[in-house]
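Presented sequentially are two complexes of chain A, the first with chain B as partner and the second with chain C.
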Partner chain A sequence: MNRTPVKEQGRGKERRRSTAKKLKPGTATGNVFGSTNSSQPQFHPCLLLDMCHYFKQPLCPCLSSEQESSEDGDKEGEGEDEEVEEEEEEVEKEVRPETLTPEELEKLKEAVDDKKKLIQALRGKPWPMKKKHSTLRESQEFLEKYEGALGKGKGRKLYAYKVMMNKKWMKFKRDFENFTTACIPWEMKIKEIESHFGSSVASYFIFLRWMYGINMILFDNIGTVPRAEETNAMDFAVLWDFGGYAQYSVLFYGYYNSQRAIGWLKFRMPLSYFLVGVGTVAYSYMVVIRKMARNANETGGGDENSFNFSWKTFTSWDYLIGNPETADNKFASITTSFKEAILEEQESRKDDNIHLTRFLRVLANFLVLCCLAGSGYLIYFVVRRSQKFALEGFENHTWWERNEVNMVMSLLGMFCPMLFDVISALENYHPRVALQWQLGRIFALFLGNLYTFIIALMDEINLKRKEEDVVQFNMTMWEASLHNNTADNSTAPPLFTHPADVPRGPCWETMVGQEFVRLIISDTMTTYITLLIGDFLRAVLVRFLNYCWCWDLEAGFPSYSEFDVSGNVLGLIFNQGMIWMGAFYAPCLPALNVLRLHVSMYLQCWAVMCCNVPQERVFKASGSNNFYMAMLLVILFLSTLPAIYTIVTIPPSFDCGPFSGKARMFDVIQETLESDFPAWISKVFSYAANPGLVLPFMLLMVLAIYYLQSTSKSYKEANVELKKKLQMVN
Partner chain B sequence: MSSFPPLCFHGCCASPPLFRMVSPAIALAFLPLLLTLLIRYRFYFVLFYRAVLLRVWRDCRTGLSREERCFQYVLTNATPGDPESILDGFDSWCTKKEFISHIGPKKGKILDRLLSEHSPLTVLELGAHCGYSTVRIARALPLGARLFSVEMDQKNAAIAEKVIRLAGFDEVELIVCPSDEVIPRLRADFDLEKLDFVFMDHWKKCYLPDLQMLEGSGLLGKGSMILADNVLFPGAPNFLRYIRRCGLYEWRVHRATLEYSKGIRDGMAELVYQGTK
Partner chain C sequence: MGNKQTIFSAQQLDAYQSYVPFQRLFSRYRDLAPQLVPLDYTHQPDVKLPYELIGSMPELKDNPFRQRIAEVFSEDGEGNMTLDDFLDMFSVLSEMAPRDLKAYYAFKIYDFNNDDFICKLDLVKTLNKLTRNELTEDEVRMVCEKVMDEADMDNDGRLSLEDFQHVIVRAPEFLRYRHTPQ
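Moving on to the complex of A and B:
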């Protein structure tokens, strides 16, 4: 298992190459003998001497650098002469090949090939390091000198040029790879956390970083929509209610009006809004499924089982580390990986009473179901009560009763996961499996919360729509009265009413968007405050109260907190679900989320290193990534459902948004098809929508899915067979 | 971890009295927390019941102190002259009836192993309490070794004396004095040059001062071993911090569970004096 920080590896490789390069003949050998302008005969005996030396022994003293001067003891005179002549050879390189006979040319080619093979096989040779270095250097010098000279005639220069360009290209590729790895944000932070806390905690931060990337792309997509309009009242004052100017700002749905084509670009605002919404959802699905498919490839077992500990003991250290902090991290990561391996070994050896274990697991699941049912019923009861209170009017009840729903949901969300954690001690699972069960259970709990939220939202939408009907009725009355007035005084100039006096209809979409933004912000605030109080304050208290307390606070009751992987992962996933749900109604949500994730990354990295201790049982998170992705996919599906439902069933507000005035939001597509595209396209679409065509198409897709699934299964089986064969052969 | 918070937090118009009409739903929502605390800390609750509540109740009922009750039980159930049966008597009383915090069978095995490996000739024990650990150490000592036991409390010391006599050990010297007064006088009064083994099981906050006094008195030589019990529960954090930092000891903590309790983590610190450099 190689966990070297990639940066260090890259630097190390460069170091080796650069030292080799420095000793290129003619450039680094000190020019002791002055200039080399003397004319020399065309045929240099040194060339043959070089070749003879090379054919006889691998280590040629005549081209050795200053550092190996100890070998040149008695050959110094020779060496100096040769050095001089070397430099002259460099100058008059082009002359040489024509003076060679074909056999010598052949021999030279063979020598060059030999050198290349030697360089490639050098790593595997059982030589001491010094010998390897010197052989490498001298082979490279040989190649530099003679390879370019091998090309015949005019092509020679080109050949030499090509060889040089190839080398430069390789170097550039290597540098570029190092650069791109260095550009990955927060890579060093995550490696440091991984080395101290294990891969399960690091997997959360990698997941967070991936979400950040997704949200950046979503934000870019959505950010292109509002650019065509001029700003109206861009007051970004974050009022808690998001009322006032912000309500009409570009952040929310209600800002965009239904004008079909805006500006000189004929920007189709409603259509683009709709398509951007659909596009973001489609992109999100694609990205999640692609990541899942990629992760599925990586889970291949088999070769991790033999001589695990021997490999770790003898091959873990990285000799290219030059930085003390990196060395500390590497030390910690090796220790952690040993702990993980020991745990895996222990878990694989456990063989106790299977009936007792099964019974306990069934019992634990039963208890958890009871708890979930209880909390579900409590939430339902509380929601019904608050609906009753709303009908009676909120003023008659105390503060507690008014905010009952919120309090109960927050409390349940805080306390039930702890109860599930304690119950899962009965089950005696591998910690990775226990984490997945815990995630699943908390997920089920939060579905209850989601259900309440959506019910409450639906109630408010219905309220707003009733209000809308009232306003519409009032407006018709008002317009009628205006007409009456003008009809009476037909000679008077037409009345101008100030635009602000025109009564605006309520905008349920903006209200929904506001709710989502409020939700995200208060959720974020709650997370940060819980982090600060639950982790940081606790750590401060434990550290400093320990001097004057009767029992050991660090080892005993409060102690430092561990990083709650399941809670944090679920928080991230549910937040993303909320963003997806609300992005259609409040286009500013992805931007908000990008900001939130950015701050979260730094805050949580700091909090983990400062206030948390690693878990007792450190486990490898190899299978967890796909599990997180699966949950994300489920949440994505669940969060697109309400948006689709509202688009398809609820009519948009008559007075605000890009879809105002239409019966349903997706009518915009039909309108575009009818008016903007030529007639034959709409004919094509009408044929395509024919059920006679759609059903066979669906059948074809089902067959394709079945075929792909069976081929992938057979490939996996073939893979496993091949691995087994490899192991047997070895 | 946050759940989904308020749809809209309605502001309060007046400040109502806090606990009037708190709905039962909110109170019910605290039930999972209570259950969690009960289940997670069940061993601590059991320990509290046995060590405090039961003791107070029995004290009121019988009028004897806990140690006297224990000694009566051991006297009736163990055979004199057989340290093994005396220790078993102690163990069965502490498991079935009440709780006394001496070293216990599991940690006692670690003590026995260390003694048999080390074979000290001069042993100092701080905090004999009922004499359980004194008997345990004396049982594992080689011939010709001397054991000095220090106990502060008079009544406990009387009971410990009786227990030691019951076990049949003669070479044990029981000193009834607080430890911080005894240690400076050890060299003079008892003719000691060096202590090979020190066992600490008295008040946890005295571990560090006594250790420093031992260092100062020059009774520790290179290779002297010190074993300190209960360093994790109730815990002696200053002591642990000191030994980590001072660099005079090779130390390790033997992890085990608290005596007569299954779920409470505890540890014994084993220190080997290296001598000043």
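Moving on to the complex of A and C:
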């Protein structure tokens, strides 16, 4: 049993100092066994009491006597945690050291030490006040009589000072921690949601907040590409189509011209654009992988389940709560936490008919595959039709037909997950596992959507390039005609053509960027509208129609909706994937996303608290976080693929964007190496790119990965063994 | 603090002030029932504040265990507290009290029938107070069984003080895990 040494627990001066504060919101709260650091506010001073008035009071009366007992009295004062108000008028028998034999001196010393220890320990004894008083009084009398004889040590003042500084430092650290917790954005909101809805719903919002952070940083990154000129005026009405001036604005790829060096900085625009793109992707990978590693560490380490229920029962109430609302939240969260633990326990106890379960699961998977195939075919069909429409020219068709692809994709995204949900009722998995299956299936659905979208895009790119060739041809004709006209006056000043007159080629990169932005905006709109209709309207209807309806709307169909964790998480992940895909062509995308996430956070927090009810079966989300991260990583990889493909294979437009005029976009790196760096670097790079060097290097990496994996496996096993040993010892 | 003339003998003050910031607590005690509590304590008046007043203090009002706390610390076991009991209670509940002391008193608080053991019935009552009766009977039964399994070392079907302390000593001091309830 670890008995914390009582001398650190508030002796005299230190206790005075440390408790001389009023707690502010966000400070330490505690269960009956000690403090915890949570960011829950609500507290008031009574339990931590203001004791600074003590400092003004005189110390033990022994001090006033002029012997060495003045210092002893000091130590006594600390040991006893007190000040005595009045002077005691006791006649002290002056026991001089010289009158005692060494043995007696020793014995006396021991007795004095014992008494001192008793006084120090008195605080921790579970005796009623009266008993404590009498013991204290006896010990004090004893000490007063005899300690003067022994002339105890110096330096107690220094010790007291040190302990006081220590207490101050602890207080400072605690305040600082509370401050940093209070600074985390939306922490209060998320905690409130967690207490009512459980950790799985809260994990969605934590994930949302993390994405927001990533997008902020991406946005900052891209913002560093300097803008040499002001953006052109943006006509908002035209903004929806992103045509008009916006097309040439900073938001899109086409704006950045291909000048090699801008201004006095000789800033390499094309190179920087390219590198920023690469850097963004690299940063994203790094962040996701680091988060996964950290999650893995955490879950590996903190797996203390031995006294789960006991701790929940005995230590979960927070004894420093003094506010009814907080108490309500606390009750809700305790109940939720119990329900989660109960569910875990029940699931681990279930045993049922294996064969039936297996058959049902196979059946369910088969149904899901049918759904996916069906939706894939539908999308393919719709895309073919829209290509046909494009050839015929868009003006001949209705709005629906023009936006058919987007609409179909959104509708599929809305209804298929519900279908999957129903099918998964067959499977009878633990809710957390069921969530993962659900996520996986919706993932497959969205993948199909996304790749169809990309194929459609590729077709359009090819179209644009054909157009480009035509325009280029026309332009050469036009220039030739100009020169013919001025061939006569060779001494005439060079011809200035107004920039707007120069026919500009179609810029396929900007078109791609526009498509992405349009897709993201329509996706956002769909999400918000679904939220409003599906959740809010439904809640309103159930609430108010209930008064005049034949059956109980709240208990039966349709009742209030539950928060759909899987759907929302996937929406978030796919949204991010699209951002990554399009960020190269439309640098404004991360900014748009930051805005969108900000709005989403507030809207969804409000919607959850107002229109949703907690799930029937509340489960702990602990394992899911790495699952979300893994999906994010896969999406990141999949979304960088198309961008890389286009960079590597398709030649850039001839007159727009930082890479115009080159054969391939990455030629810019080659050029930089050749012209700006000394010759030996390009030699080094050419050696490094040699396949003879690259292949062995890759082989080396594979071997390293294999080795690290096997060591980590052996560490995990050792870990489990040690834990078992620990439990047996205890 | 300072505007009322409280009268205590030197010895009384000296004795109390080791454990609690006395003046502050005395004024809280007195504020609960000014007409009952005299200012002059030199003659050890026998004054007890009834449980209803104690239970209405802001620190205890929202605590589901306030009745048990009052009962444990009161002399008569009914929740009616003298000044001594009152001071005792706050000294144990304060942050400064050592952990073992708190564990000892917590055991007493959770022991509803005062038989020095926490039996199943005590656990059921604890749980119901903690969740405000939100759990079903089955769930409550299940949790109590689990707690007994986990904590009962000597297998006598109830928790003794040693069992209890054994569990509490290992409890995380700072609940720093991500999804901790507030």
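Heads up, the rule we're going with is that the second predicted complex is superposed on the first by the 507 of 730 C-alpha atoms of A that agree within 3 Å, B and C clash if a C-alpha of one lies under 4 Å from a C-alpha of the other, contacts with A are read in each partner's own complex, and residues count from 1 in each chain.
Everything below uses one rule, namely that a residue touches a chain if its C-beta (ideal position, glycine included) is under 8 Å from a C-beta of that chain, and two chains touch if they have at least 3 such contacts.
Quick caveat: nothing in here was measured; it's all calculated off a predicted structure.
Asks: Is A:V512 touching anything from chain B or chain C once the two structures are fitted on A? First, second, both or neither.
Replies: neither
Asks: Which partner chains sit in contact with A:M418 here, chain B, chain C, both or neither? Use first/second/both/neither.
Replies: Only chain B is touched by A:M418; chain C is not.
Asks: So in the superposed three-chain picture, is A:V382 touching just chain B, just chain C, both, or none of them (first/second/both/neither)?
Replies: Touch partner of A:V382: chain B, not chain C.
Asks: What's your read, chain B or chain C touching more residues of chain A?
Replies: C
Asks: Does the superposition put A:I334 against chain B (first), chain C (second), both, or neither?
Replies: Only chain C; A:I334 stays clear of chain B.
Asks: Where does A:K130 make contact in the superposed view: on chain B (first), on chain C (second), on both, or on neither?
Replies: Only chain C; A:K130 stays clear of chain B.
Asks: For the complex, which residues does chain A have touching chain B?
Replies: The touching residues are 371, 375, 378, 381-382, 385, 394-395, 398-419, 421-423, 446, 449-450, 452-453, 456-457, 460, 515, 518-519, 522-523, 526-527, 530, 546-547, 550-556, 564, 567-568, 570-571, 574.
Asks: Could you please specify the touching residues of chain C with respect to chain A in the complex?
Replies: Against chain A, the touching part of chain C is residues 1, 10-11, 13-21, 23-25, 28, 58-59, 61-65, 75, 84-85, 87-88, 90, 93-106, 109-110, 123, 126-127, 130-132, 134-135, 139, 142-143, 146-147, 150-151, 164-165, 167-182.
Asks: Which residues, counting only chain B, touch chain A once they are in their complex?
Replies: Against chain A, chain B makes touches at 1-10, 12-13, 16, 20-23, 25-26, 28-30, 32-33, 35-36, 39-40, 231-238, 240, 265, 267.
Asks: For a test of understanding, state which residues of chain A touch chain C in their complex under the given definition.
Replies: For chain A paired with chain C, touching residues are 1-4, 6, 9-10, 15, 19, 28, 30, 32-38, 40, 44, 46-51, 53-54, 80-86, 88, 122-126, 128-130, 132-133, 136-137, 191, 194-195, 199, 202-203, 206, 298, 302, 304, 306-311, 313-319, 321-324, 326-327, 329-331, 333-339, 341-342, 345-346, 620-622.
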